[in-house]
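You will see two complexes here that share subunit A, one where it goes with subunit B and one where it goes with subunit C.
This part shows the complex of A and B:
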């Protein structure tokens, strides 16, 4: 059975409240077990409902919802195509989905009695694993098996390159596995730290008014909500941007350099 | 590494992975595909409209040049026609003047002829009246009537003498 209490202080959410209220029972065990999944489900539903509702009323002259979604998607598309090149649009839906899912989850965590699932390794690690699989799949389909192995050997071009290839191969393979780990721990660490920070300051606020025997605390944690908002946006952006860079690094080098040169020339 | 914890968390992690894949497919189908399509369509429409505006500007510029050229040509033609009309006007005025002079001369000649005719007529009437008067006077003086032949002879003689005088 899953641990009921985490090792760090955290702000109570409605699932924990319900689980504690019904504990000990199979229902409370279920809630504790699937807490992150339930929150992820809510976030997925919110995103899906909004996307489907907007897509059903897409017009040439956009309404508010469509304008917001267009702004977001065109911004993400610009970022992806500026890193990868004009052919990067193929990867915009994946990178954009990463950003939107992480961003909305982080925002959702700031709503009272809700929680951001990005503060849990069990949520972040599968997403990073998904990025890992996607990047490897791109590497194999775009380069071919031999090209993919050539890439993992450090793309040797001369005799010296081939001499160090046996050394480069394990390093690159290790690097490929480290990438999702770095992605997941960075996001998880930042968001979890934010939760802990909020929980600590909220606890301090409650302790400050405890002598007065009132059922409230001083809201000294409120400046950190804005900090968390900022961190939530930045971390979603960093995760998406790094995923884009990993994709770009896995694409055939000639194509990537040519595309980037073309984009640079156009922008220049 | 505690594989027991990983084993416990595995169903949750797989569920989270599926959750993200659901988000990805929904966003790809409903958001990215259609929104990027609309953005591209709008971008293309704006580009087309700008190109159309540029094309229209060029056409308008060409039309302006053409119309200026035509206006200049029309002005030249108008000036030339005005000059021609002025020349024709002068010629007509001259002709009218000449015709008027000729008509006036004809009228004067006709008037002179009529006066001469009237004068001759008047002379003839006067002579006849003189003849009659003189006949009457002579009858009164000589108390007898002259025959008509003698009377006319005497009058003619008298008139001739008068004309001679």
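This part shows the complex of A and C:
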């Protein structure tokens, strides 16, 4: 049996329950191995169904769904344009997708018998890797190959800059890899820690009523659900914000400064 | 696009700063760890232990510090531009 046992306490979800009920069988092995992929698929399906359902019935006077979606997209656009400038709107779909997926995943993890895919490093690390690849792609396309290498050497402008360039190059390359790793570890750590917290308090609640021989426990984990909700929103926001900042750091300096100044005069 | 000026803009800016500040511990932690793995891999490849491990641990630490500096500079620059 290829059951994955985690080293930390966790709340059972329907896939684990189903896998344990059908074990040992190839089906239970499949469920254990593809748990996070199944949850990711469900989340993607939920987002897609909602987006398609709302965008099919777009009206001049928006309904509840359309108004919510417009508010969300406008907020995400604000985050991106406030960091990069009006040209940063090109990156709103990418950053917005990150935010919506992480946010919905985190909310989904609070539904009983469901799980957040952000509690799996195998889901979070590829998302951060996508950010890394996208940022590098922007660096190469916006700066050109030579400009990108110049950026990796610390953008030297004088003889001293060129002398320290061989030392700056590994530092810059390391820095580029530090970003996605820090992004993924922070998100994974926060969400996983939240799950562990809920599981521990659920277990304590059950233990408290054990002498009474009742099949329920005290809901002492309840306040932490709100904490988890808050953490879920904050983490989705921080992940998107940092991704936007990393994109801004890779853009050509002149373009960014010009844009940022324009934003400053507009909103000032 | 919504309005990011006034009181709402100040709150938004503060939330953004807090968001950027929360990245500091993770970046500081990941830098030397990544440096250790890179240096250790090179040392095992060329049998030069511990030179590259030590070098890359320090390089990772400096790279992490530099990333934090750039991150904060970026966030503060945005606020300066808005003033």
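The definition used in the following text is that the second predicted complex is superposed on the first by the 265 of 268 C-alpha atoms of A that agree within 3 Å, B and C clash if a C-alpha of one lies under 4 Å from a C-alpha of the other, contacts with A are read in each partner's own complex, and residues count from 1 in each chain.
We take it that a residue touches a chain if its C-beta (ideal position, glycine included) is under 8 Å from a C-beta of that chain, and two chains touch if they have at least 3 such contacts.
The model shown is predicted, which means the values in this text are computed figures rather than measured ones.
> With both complexes overlaid on chain A, does A:245 touch subunit B (first), subunit C (second), both or neither?
After superposition on chain A, A:245 lies in contact with subunit C alone.
> In the superposed arrangement, does A:77 touch subunit B (first), subunit C (second), both or neither?
both
> Looking at A:51, would you say it contacts subunit B, subunit C, both, or neither? Reply first, second, both or neither.
First partner only, subunit B.
> Report for A:152: first if it touches subunit B alone, second if subunit C alone, otherwise both or neither.
After superposition on chain A, A:152 lies in contact with neither partner.
> Identify the partner contact of A:170: answer first if only subunit B is touched, second if only subunit C is, both if each is, neither if none is.
Only subunit C is touched by A:170; subunit B is not.
> Look at A:101 in the shared chain and tell me whether it touches subunit B only, subunit C only, both, or neither; answer first, second, both or neither.
It touches subunit B, and subunit C stays clear.
> So subunit A touches subunit B in one structure and subunit C in the other; where do those two contact lists coincide?
74, 77.
> In the complex, go through subunit B and note every residue touching subunit A.
8-9, 12-17, 19-24, 26-28, 30-36, 38-39, 41-42, 45
> Could you please specify the touching residues of subunit A with respect to subunit C in the complex?
74-75, 77-79, 81-83, 170-172, 174-175, 177-179, 181-183, 185-186, 189, 234, 237-238, 241-242, 245, 248-249, 260-261, 263-264, 267-268
> Contact residues on subunit A for subunit B in the complex?
Subunit A reaches subunit B through residues 2, 33-34, 36-37, 40-41, 44, 47-48, 51-52, 54-55, 58, 60, 62, 66, 69-70, 73-74, 77, 89, 92-94, 96-97, 100-101, 117, 122-123, 125-127, 129-130.
> Okay, in this complex, where on subunit C does subunit A touch?
1-5, 9, 12, 15-16, 19-20, 22-23, 26-27, 29-31, 34-35, 38, 56, 59-60, 62-64, 66-67, 70-71, 74-75, 77-78, 80-83
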